[in-house]
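Okay, so chain A shows up in both of these, paired with chain B first and chain C after.
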Partner chain A sequence: MDAIVTQTIPESKPADCCSDSKPIAQAVSRKHIMWVYIIVGFFGLVSVATYAMHEYYLYLSAYLWFGFIYGMCLQYGRFCFASAFRDLFAVGVPRMVVGIMIATVLFSITSSLVASTGWSTFHAAPWSVHAVIAGLIFGIGMVFAGGCASGSLYKAGEGNGVSMLVILSISVTQSAFVDVGGWANKLVPKSWAEAALTKGLPSSINVSDGWVDQYLAGYVWEQPVITFARLLGFEDHTLVGALFANTFVGVVLPAILLLAVVYIFWSRKRYVLDLQSREGRSPGFADHIRGFWAMIISSKRTAIAGLFLGIACGLQMFVIEGLRMKFGVKNAGTILQRIGFDYGISAKGTVFDPGYWYVTTQEAQWVGWMAQKLGFNNMDNIYFGWVNGIPSPAINPADWMSVALIGGAAVMALMNNEFKWKMPTKELAIWALIGGALMGIGSRLALGCNVGAFFVRTANGDVSGWSFGLGMIGGAFIGVKFFNWYTERKMAREMANIDFDL
Partner chain B sequence: MAMKFNQKGPGLYELDVCGYVCPHPQLYTKKILEKLHSGDKLELAFDNPSSAESISAMCTNEGNPIIDQQRNGSKFIFTIQKA
Partner chain C sequence: MNKNLWMVIVIVVGFTGFMMGYSVPPFLEVGFGENIDLLEEGEALPDDLLKQYEHLYNDEEDE
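Moving on, here comes the complex of A and B:
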C-alpha cells in the first residue's frame, strides 16, 4: 500500500491553497514503474517488429505513437471535453473551457500551417442544423456518461471501469445505429429516400434499407460544405485562407469572445472580490485584462496539456500526409491490401483513415467487424460498406491510435499514482450505458464526436465544428439541469434519517 | 455504493464519494458546501482524479479554502472550510 502523504496548507493563506490544484507528490512504486516499462516496451516492440515485416507498418505506427501522446496529454491535464461546459454550468469552474480553447487555437495554427503547404488531411463536413441537433444529443450523453468520447478513453487508461462501459456502449450503439433498417425506414422522409437513390452507389450498398444510409446519402450529402476561408472568398490551402480566415477569424476571435463571456459570468466576481479585499479598490479595465489572464493560467496542467495536444494534432496531419506521399497512397486501404489484408475493405477500396485524431468510428468498426464475423452483414450500409470498411482491429490504423491512447494515459496515470482498477457500480453502469448510447447516436448523426466533429473541424475553420459545439453546450446544460435535480433528490433520500446541525 | 455524509463533530462533517466519477463528486461537494454554515469544515473523500482539479477550482471561485489535502494512493481527502 502506498504511504499516506499529507500536505497541509496554512490557513493564513486561504486564497493560495487552491489556486491551482497541485498534484500531491508521491513516490512511484516499483510495480507502477514496471508496468510503465511493459506498456512502453510493448508499443515499441509492436512498432519495431511490424516495421521489420514491412515498412508499410510505419503508417500504423505513426497513428500509434500520436495516440500515445494524446493519451499522456489527456491524462496529465485531466482533459475531458465533457467537463468543459458541464463543470461550468454545474460548479462554475471554467478551467476546461480554457484548456480546450488553448488546444483548439494551437491546433488551428499548426493545422493551418500544414494546410498552406497542401499537406493537410482534413476535409470539411457538410453543414446544416443536423450538426447542432447531433451536438445536443452528444452533449447530454457525455454528461450522463461522465466523460466525452476521448475522455472515456483516457479514463479507461486510469483503470476506470465506468469509462470502459461507456466505450462499449458508444461502440455497440454506433454499429447498430448505422445498420438499423426495417421499421426505421418508415421514419425516413420521402425526399431523403429519393435523393439517396440518385447517388449512384454500387449494388452492394442497399441504400433504400437503413435510416442512417438515407440520412447520409439523401440529406447530409446534399448540404453545403462551408469553411471560414470560403466564406471570406479564400481557398483553404492558401496561407491567408488558412491562417487569417480559418484560424484568426474562425478560431481565435470566437475563442476570445467565448472566454470573455466565461470570464464575465463565471470568473470576474471572484477576481473582483479578491482585488477589493487585497487593495480596497474597484477594478479598472487593465485589472480585468489581468483577471482574464489569471483565468487562462489558473490550471497550468490543463493549459500545458492543451498546448501539447494542439501542436501534436497538427503534426499528425503533416506526418500522415507525408507517409501517404512516401508510399504513394491516398488511403490506408491500399496499404492494407499491399501487405495482404483485404478483409473488411470498403467497396471503394478504403478503410477509415482520417489522418488526424479521431475517436468514435474506430470504436464502431471493431464491433462492426465482430458482428460481421458472427454472421451479420454490416457491409451493405454506407458507413461501413462504402466509406470506412471494417478491417480487423489488429491492423486498423485508427484502432492502433485508440489503443495507444489508452496506453499513454495508463503510463501517465501510473507515473502519477492515479491508476486504479475501479469496477462500475450498478448506478454508474446505467448512466454509462445511457450516456454512451446517446454519444454513439450523436456521433453518427454528426459524422464525429467531440474530437472529430468539434475539435478537429473547429480548428480547421469548418463552420460545422462550431455548430456541433453549440449543440454540445446546449446538451451539457440540459444534462447538468437533470443531474442537479437527480443529485438533490438522492441527497434528500440519503440524509432523510440523519439529524444534522444544518 | 452510495455517497456517505456524516457529522463527525460540532462544525465538522465528512462526505465520502469514493467510487463516483464526474460529475458526481463535484456536484455533491458543491451542494453539501451550500448547506454548511460559515466556518464549518468538510472532510471530502473521493477517488476520481479529474474531480480534484474541478473541486480545487470550485473552492477557489467560491472562496472556500482547502485547508488540508491528503492522498492515499488514488484516494484524495480534502478538508474544506466554508467561508
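Moving on, here comes the complex of A and C:
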C-alpha cells in the first residue's frame, strides 16, 4: 500500500461541478506526489535542455510555462464554459457563469495595462454575424461534449477519457474542415469566390478549391475589425482607449448587465425566499444589491482562478513580445527556421504564434501535420498553408502550451486527489465525438473557441468576442434543452420496458 | 496551502521569472506607450543590431 502524507486539500467535488471548497484534511498518496514532481521535472528538464541547445528555445519554453499555469488555474477553478451554462440553464446554478464573467473582467484589466504599453500581442478579429452563428454551433457542441475547448484540456489532465475523445474530435474535425473542397465548393456564394480571387494569394494556395478558403478570403477578411476603443474614437494602445473604452465600456459594463440578468432570472427568487423565511419581510432595493453581491462572492474559487489566469494571460503577452524584440522576430516561424526546422512553415514564413492563450488551432495543427506526413496535402489551404503552418508538434510553440496545460491540470488534480482515469461509456463517447466535431467547426468559423474567440477577444475590447459569446450562450441553451428532451424520452422508453410485478 | 504546491509554485515562478528577465530589458530599451522608439518602415537596421542578429543566427557567443 502506498505511504500517505496528510495535508489540507479542497473537498472533492462532483464531476463538472464548480462548488467552492471547504478545506478538510485528506490524504494524498506519495504516488500522487511523486507524479507531481515527475511532471514538473519533465517540463523543467525540457526547458533547461533545450535552452542549453540554443537560447531561441526559450521562446517555446515561454509558451510551455504559461500553459502550465493556465492548466493549474483551470483545474483549480473548474473553469469550464460548458459546465457553467449547463448548470445555469439545467439546474439554475449561476456560480460558474458568475466566476467566468469575473475572470473576464480581471483579465481585461491586466490586458488593458499591457495594451497601453503599446506591446500587446492581441489582434482583433473581423466582426459580422458569422461570429454569432459560429458561437451557436460551438455552444451546442460544448454542451453535447460535456466540456468546452479549455475545459476538455484540463479534464484530460484529470484523466478523463471523454475529454480526451473530445480533444481528438475537435482536432480531426478542424483539420478536415479547413481542407474540404470538391462538392463543398458548390456551396460557396459567387461573391465569396470572386472576392477570394482578388486577395493576391500565391499559386500554392489554391483559393478556388476549398469552402473555408473562400469563406475566409472572400467573406471574413472583408468584414470590419471593431474594438470599443475605435468605436469611441480612441486608439487601442492608449491608456484611455485600453482602460476606459476597451475595459470599462467594453467589458465591465456588459458584464454587470449580464450578471444583473443572471441575478434577476436565476438568483433573485432564491435570495428573496431565503430573506422572507429569515426576516419575514419583502426585499427592498438595498437587499437586492446585497443579494447581487452575495451571488458574486459565491464563486470565489473560480474568481481566484480567473484572477491568476488574467495576470498570467497579460504577462504572457508581455513576455512573448519581449522575446520577439530580443530575438528580432515577428513570428516563431523565423525562430524555427533559424534553429533548423523548416518543415511545415507557411508560404509566408509563419507558424501559429498567437502570443497569448489559445486552444484550438494547435489541436488542428497536430492532426494536419500527421495527415501531411501520411501523404495528404494540407498546405494548399489558407489556414495551414498561408497562415498557421503545420510544424512538427515537437517544436510547435502553441502545442507546447497545450501539452503543458494538460500537465499543469494533472499536477493540480493529483495534489487535490481529483486525478482518476475514467474510461468513457459508449454513449458518452458518441456524444463526445459529435460535440467535439461541432466545436471544431464552430472554432474554425469563428477563428477561435471559447478562449480565443470569446475570453481573449472580449477581454481586449473586441466586439466580435461578445458576438461569439451571445451565439455560444444561445447554443448552450439549445444544447441543454435538447439534452433534457433526449433524457426524458430515453427514461420514458426505459420505464416502459420495465415489468412491474404487483 | 501545502508545501508541495508551494514547491511547484516556486519552480513555475522561477522559470517565468527567468523569461521575464529576458524579455523586460528589450522593453526598457525600446520604450513604452506613445514613446516607442521604432524604426520607420523601410529604414535600415543599425549596424550593431544587424551584427547582433547575425551572431544569434550563427549561434555565436557575444564578443
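Assume the second predicted complex is superposed on the first by the 468 of 502 C-alpha atoms of A that agree within 3 Å, B and C clash if a C-alpha of one lies under 4 Å from a C-alpha of the other, contacts with A are read in each partner's own complex, and residues count from 1 in each chain.
Note that in this section a contact is a pair of C-beta atoms (placed from the backbone, for glycine too) under 8 Å apart; a residue touches a chain by one contact, two chains touch by 3 or more.
What you are looking at is a predicted structure, and each value in this text was computed from that prediction instead of being measured.
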Subject >> Contacts of A:38 with chain B and chain C, given as first, second, both or neither >> reply: neither
Original post:
When the two structures are overlaid on chain A, which partner does A:328 contact: first (chain B), second (chain C), both, or neither?
Top reply: second
Original post:
If you stack the two complexes on chain A, which partner ends up touching A:256: first (chain B), second (chain C), both, or neither?
Top reply: neither
Original post:
Looking at the overlay, does A:87 come into contact with chain B only (first), chain C only (second), both, or neither?
Top reply: first
**OP:** With the two complexes superposed on chain A, say which partner A:117 touches: chain B (first), chain C (second), both, or neither.
**Re:** second
**OP:** Could you look at A:483 and tell me whether it touches chain B, chain C, both or neither (first, second, both, neither)?
**Re:** first
Subject >> chain A residues touched by each partner, larger count belonging to chain B or chain C >> reply: B
Subject >> Shared chain A surface residues [contacts with chain B and with chain C] >> reply: 7-9
Subject >> Of chain A, residues touching chain B in the complex >> reply: 1-2, 4-9, 11, 14-15, 17-21, 24, 26, 78, 80, 82-83, 86-87, 90-95, 143, 146-147, 155, 158, 160, 162-163, 266-267, 270, 273, 298-299, 301-302, 413, 416-420, 422, 425, 427-428, 480, 483-484, 487-488, 490-491, 494-495, 498, 500-502
Original post:
Which chain B residues qualify as touching chain A in the complex?
Top reply: 1-3, 5-7, 10-11, 13, 19-24, 26-32, 35-37, 47, 49-50, 52-63, 65-74, 76, 81, 83
Original post:
Any idea which chain A residues touch chain C in the complex?
Top reply: 7-9, 28, 33, 36, 40, 44, 47, 54-56, 58, 61-62, 65-66, 68-69, 72, 116-119, 237-239, 315, 318-323, 325-328, 338, 411, 415
**OP:** Please give the residue numbers of chain C that touch chain A in the complex, ascending.
**Re:** 1-5, 8, 11-12, 15-16, 19-20, 22-27, 30, 32-34, 36, 49, 52-53, 56-57, 59
